[in-house]
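There are two complexes below, and they share chain A, which is joined by chain B in the first and by chain C in the second.
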Partner chain A sequence: MHAKGKTRLSLRQKLLLLRLGTAFIAIVAALLIASILIVSAGANPLSAFYHMYVGSIGSFPALVETLVRATPIMLVSQGLAVAFRARLWNIGAEGQLLIGGTVAGALGLYLHALPQPLAVPLILLASGLGGAVWIVIPALLRAYYEVNEIFTTLMSYYIALYFVSFLLSGPLRDPVGLFPETTTLPKEMMLPIIIKETRFHAGILIPLMIFGPLLYMVIGRSTVGVKLSMVGCNPTAAQYAGVDLKRVTVFSLLFSGFLAGLAGGVEVLGIQSKMRLDISPGYGFTGIVVALLGYMDPIGVMVASMIMGGLINGSTTMHRLDRVPVGMAFMIQAMVVIFVMVGYLLYDRFSRKVVGRVE
Partner chain B sequence: MTEQLSAGLIVSMQGITKVYEGQVLALEDVDFDLRKGEIHVLLGENGAGKSTLMKILAGALKPTEGRIFVKGREVSFSSPRDAYREGIGMVHQHFTLIPSLNVAENILLGDEKMDFLLHMPKIADTVMKFADRVNLSVDARTPLHTLSVGEKQRVEILKLLYRGADIMIFDEPTSVLGGLEVESFFETLRSLTAQGSSAILVTHKISEAMNIADRLTVLRKGKKIATLTKDEADERKLVELMIGPGEVIPPPPSAERKTGSVVLKIRGLQVFDDLGNLAVRGVNLDLFEGEILGLAGVEGNGQEELVETLVGLRKAHGGTIEYQGARIRNLKPRDLLDLGWAYIPADRLGRGVAPELDVMLNCCMKKLDEVADKFKLINQRNLSELAKKVISMLGVKAPSQKAPVKYLSGGNIQKLIVGREAHLNPKLLIAEQPTAGLDVKTTNLTHSILLEMRNRGASVLLVSTNLDEILKLSDRIAVIYKGEIAGIFSPKDDVGLIGTCMLRGKQG
Partner chain C sequence: MSEFIDLLISVGIASAMIRLMTPLLLAGVGELFVQKSGVLNLGVEGIMLFGAFFAFIGTFFTGNVGYGLALAIVVGVAINLLFAFLTVSMAVDQVVTGLAINIAAIGTTSYLYRATFPYATAIPAKTETIIEVEPIPFLSSIPYIGPALFSHTVFTYAALLLVPVAAFMISRTSWGLRVKAIGEDPHVADLLGLNVVRTRYFILIMEGVLAALAGSMLSISQYNMFLDNMTQGRGYIVVALIILGRWSPINFLAGSLFFAYIDALQLRIQAAGITIIPYQFALMLPYLASFAALALVGRRVKGPASLAKPYKKVK
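The block that comes next holds the complex of A and B.
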């Protein structure tokens, strides 16, 4: 069944190259259109993109900051990649992230008594569970009554937003603070800094060293991964192959909620040291884009998270040095979404040619 | 090109060669023509290039070399829409209908003459009148997803006719139709060609080809072997032309049958269809150990609902199903595996495979645990070995084991499914139209697999609209008529008797 002599690459490698190619085209096309906007804002696109490079990966501190920025995005998109594979569209990761952050901000104040190596993992676990609990109802409605999870998860985001907002201005509010936020956590409750003089905290390692490899094994190598894809592309056939649809639905949605909640917890214990409503400039929504840009692939979403983190940090630098509006990063993000969709079409079109045919 | 017109040629394809990416030569220097008002049958085995040739004519594929003339003018199509403007329309094997819309909406979809604002009663009326005129009666307001496969196909044909196509291409049109429906389809076809339309029929069923054709063209391995008039052809000759010399495979020998006890016992089963009508009205049926029970019947008599209930897609309203003495009413699709059942569905893309996953995973999807270790990690070597076994059962042709299944031809997908289910070594097999779309060779192979299974002691419920197939394989034949079992026959019984029972129900 192997290629006929001439070609060296295996089919899997060819398809991977095609994936990378189409993702690359999507980003380049988005940047091209962005440069038109940059010109219209009165700046030089070449200088702007240079500063974007400098601000994202141009120096060691910049690289660390990009990692800091990418961490919550990576966690969210790793969770979403699992759900999206089964074509379960959790759109409310932002809400689950806020809940996770709130759990961390609150528990941090109550668990002083425990030693740090015990308290911190416990708090993170709890914030993950908080995120998972927040998606239980949409998951059950989807599994048992086929209620569209896009609506229920999106609506559950608004409930989370206003619920957290209530907690922060009421029960959990720092009694002496000016803003609706929790009391600043003691240093012992925070994730330890690993590289001195930077914000490189231990939480950065969670998506890189724990969930990255875990998903690589689960999605790429295990029967669980195959079952997810089977449910995604033909639930009926999956049932006949012995897959329990309800279990897969509930498991993958809860998993995505867990990681989104964990992202909130890591952000609070790693960077913010307290829960505020603006701990996330929309990481939960950016995670959706990143999961798609990374083709729901374990390695793909990690790379895409770094790209997106770099894009956000780089455009802040661009904003400062070239007087380009900071909203440009979000516009580029949005354009990446559109072009990723085009990329999917291109992939579909060309994969048929790559595969070849036997009539 | 007036000489073509004067010779009555409405389509002329000359020297058509098609090379697919990946250097697969699908067609080599093929000539094909169609006369005005004729039915031209294109015969060939799976992979002979019939579909490719017709997709080129319908504008869905571009030829690598060759010229095409339609109504005397040279044409070059870049999309099916271009072909449609020349009056060429194609009914594909996989339907191109939208399940959530009703019949009328499906027919009018993409009609360029439509008003911008839709007036449903008028549209439905237009479609009904048109349908009556061409003798293909439908209820225009029925949602498409509630129709049987045969009825859906009728809608496809109607759509084509409604758009005023006068050159019609049918890709395996009868593969899913029941006997009666085939006859009425042929009648429609004849009356249409009598009015000046022309039709091309792609098939590998020789008896049907002989029945309907004015002329026949045989393709084999991408080359044109011969074009014959009906008078020049006979069945023997056509088989030889299609398969090639010395490759005719005799039908499998039937073996000694050992019947055991009742395995599956259905009593008073009642099932509703999607519209809320009782489709299965108290079916009583026994399936014995080590037998093939053929369920014969004209399509739409409840066999679809009966099977869906047995495989767990539809809930029974009343009655009981017992398997080896235990009641199993309203089970779920996934319970089948635990019971040791296998299922070959008629809707192969919808129920049989995960189209975007590769060939290997589709081959092994029911035995994932067998190729994984205790941590549920898949062993690539085991996966590939099991896939090879399944592929070799019926000789699935795929560009690669890692190719997504959706890029395989319909026949090869069917081979994969049959192979996979057979490899499960089931105790009970429900086979729905198992050989639809398969060529002669693979059909025979499938039949011997079913017989082998029976000889091993497994029970097979064979649901087929192809009476020849049922007669050839079954130990007993149950005829279903209007949701009831109208009679149980032996394959040695008079075919006329069985046919009458299928058409009129219980006698006397």
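The block that comes next holds the complex of A and C.
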């Protein structure tokens, strides 16, 4: 297009710019629609967006809260990015997250004999495994019998939802509490706070420092990433090329379940200090949007998670200060996802042109 | 023991089963044709949810279910036109677009509900009228069968009629055969002079109408209110039942009967106040049943050859 022959960007860089551009368009378009809704709700969009800025990145505490909010979303979407790359659609991440949270809430009460540096990682590992266990059957059914994972993972979400609801109102219920929730965990079982006077807990570093770099290396710089993409593009061809289809399928689905479970564990040990059914306002579903918005790219999903975290917190501030109805975050999310589809469309169109020119 | 049998088999449960089956059949017949034409629209869940919401809103503010249904249909068709534009015209991934519509539907309806009823407390807003039950004269007075089968809304009768009509259209009409041809291989169908894009648009618009009606059944027939994510995965279950039924309307009817029976059973378990089974397990039952059915019957299913594959006309 306009950059004809002038710049010497590599193909990779051009495609990256294109992705950033289309993702940017998706978010701006969503915010434009949101401003129409803000006006129709009788509020001033300029003031509302100013408060969205204030509530998301306008101050240091707000920024920390955005990170707090982004953490579970980031973990979920990092896992989903891996599965989605192989075109394996785990849409039950919300259920795996609830299971992970429940494991953390229950185990935290029993492991307090162990020292904190040992207990906390153990509990988190267990909540990740809990999430992975919840997707074992869908993963095996998909790998060995070609049972469509979209439906089995969705069914397993509802099963998890009611199962956890049962556990919280029965066996795991805090005997002296008023609500269906587990007993509050002792402070020693919680993830340590890193920045004093804020909620910046050690769990925030898990997606940023562990899984972010890990995915960057594995997806971008190893054969595993290539295998995932091959399975996603053409499973038959991948098989002929020597990719173990079953292994890739089971591994990537279990990985996405593990990270969703971990997200639940981190949320309980980092923020909530107990398991309750409303620890997640749909992080598992937001994670799907974010994985798509970030083009299943390791850096892309991290950036997209933080944007989504900011939008959720910002719209809470908007609700408080501008009388914008609660739930604007849901709406913005809905608009983002629709415009992401349009973004895919644009990306598809222009990437053909970009690639075509190089050839 | 007789109480137990009464729980499993009774006029009440049969009637509830038929009632709960209605939205599945309406949405399912639409989706069946869509899939026969080679398009996988997971967004049927989202359209049902939009349908439930707008039917409720329309009925709540006008007091007339007709306006509610009309509003739901307009929105349902609009959403499926968007889906058709993205997937049929622009060849964007069908699975991703469908999932996107569903997530958007949850977000949009729950926001709009809160925006419409900002001061809604624990008691949700309710419509004053719902779709009325119209017992069929004479037939409805047959003992047992009458109240179970012939005392429903017109949409239930229509839904039950729709299934044999769909079966006939698919296997006995030239239009049905053309749809199948398009679903098997759109390129060849195109070479034979069939208009792939127009046919798919037409079927998707029809599905928009049917799925919106299906959603309306939830909010202004089974209930008189709207609840967040009211469809509870029923759209996905419809798609699963189509796959399990190997794209045959009659098999789909059988699957829907099974699912609706389990759903009716869980409602009865809850209503009967059986305390041995916690109510959460009753709620879980339909999903466990669907999961088990998928695991046992859903293996290596071969659908229309071009299902969910993007198609671009070669110029």
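Quick note on the criterion: the second predicted complex is superposed on the first by the 350 of 359 C-alpha atoms of A that agree within 3 Å, B and C clash if a C-alpha of one lies under 4 Å from a C-alpha of the other, contacts with A are read in each partner's own complex, and residues count from 1 in each chain.
FYI, a residue touches a chain if its C-beta (ideal position, glycine included) is under 8 Å from a C-beta of that chain, and two chains touch if they have at least 3 such contacts.
All of these numbers come straight from a predicted model, not from anything done at the bench.
Superposition of the two structures on chain A shows chain C clashing with chain B. Judged by the touch definition given at the top, the superposed model places A:Leu16 against neither chain B nor chain C.
With both structures placed on the common chain, the touch criterion links A:Ala202 to neither chain B nor chain C. Between chain B and chain C, the partner in contact with more residues of chain A is C. When the two complexes are overlaid on their common chain A, residue A:Pro325 makes contact with chain C while staying clear of chain B. Of the two partner chains, neither chain B nor chain C is touched by A:Ala29. In the superposed model, A:Val147 lies in contact with chain C only, and not with chain B.
Residue contacts after overlaying the shared chain place A:Tyr158 against chain C, while chain B stays out of touching range.
Once chain A of one complex is fitted onto chain A of the other, the partner contacts of A:Ile91 are limited to chain C, with no touch recorded for chain B. On chain A, the patch touched by chain B and the patch touched by chain C do not overlap at any residue. On the chain C side of its complex with chain A, the touching residues are 42, 82, 86, 90-93, 95-97, 99-101, 103-108, 110-115, 118, 232-233, 236-237, 239-240, 243, 278, 280-281, 283-284, 287-288, 290-291, 294-295, 298-301. Touching chain A in their complex are the following residues of chain B: 20-24, 26, 47, 49, 51-52, 311, 313, 332-334, 336-338, 343, 345, 350-357, 361, 365-366, 368-369, 372, 375-378, 397-404, 407-409, 412. Taken in their complex, chain A has these residues touching chain B: 1-4, 10-12, 15, 217, 221-224, 226-227, 229-230, 232-234, 236-244, 351-359.
Residue ranges on chain A touching chain C, taken from their complex, read 37, 41, 87, 89, 91, 137, 141, 145-148, 150-152, 154-159, 162-163, 165-166, 169-170, 282, 285, 288-289, 292, 325-328, 330-335, 337-338, 340-342, 344-345, 348.
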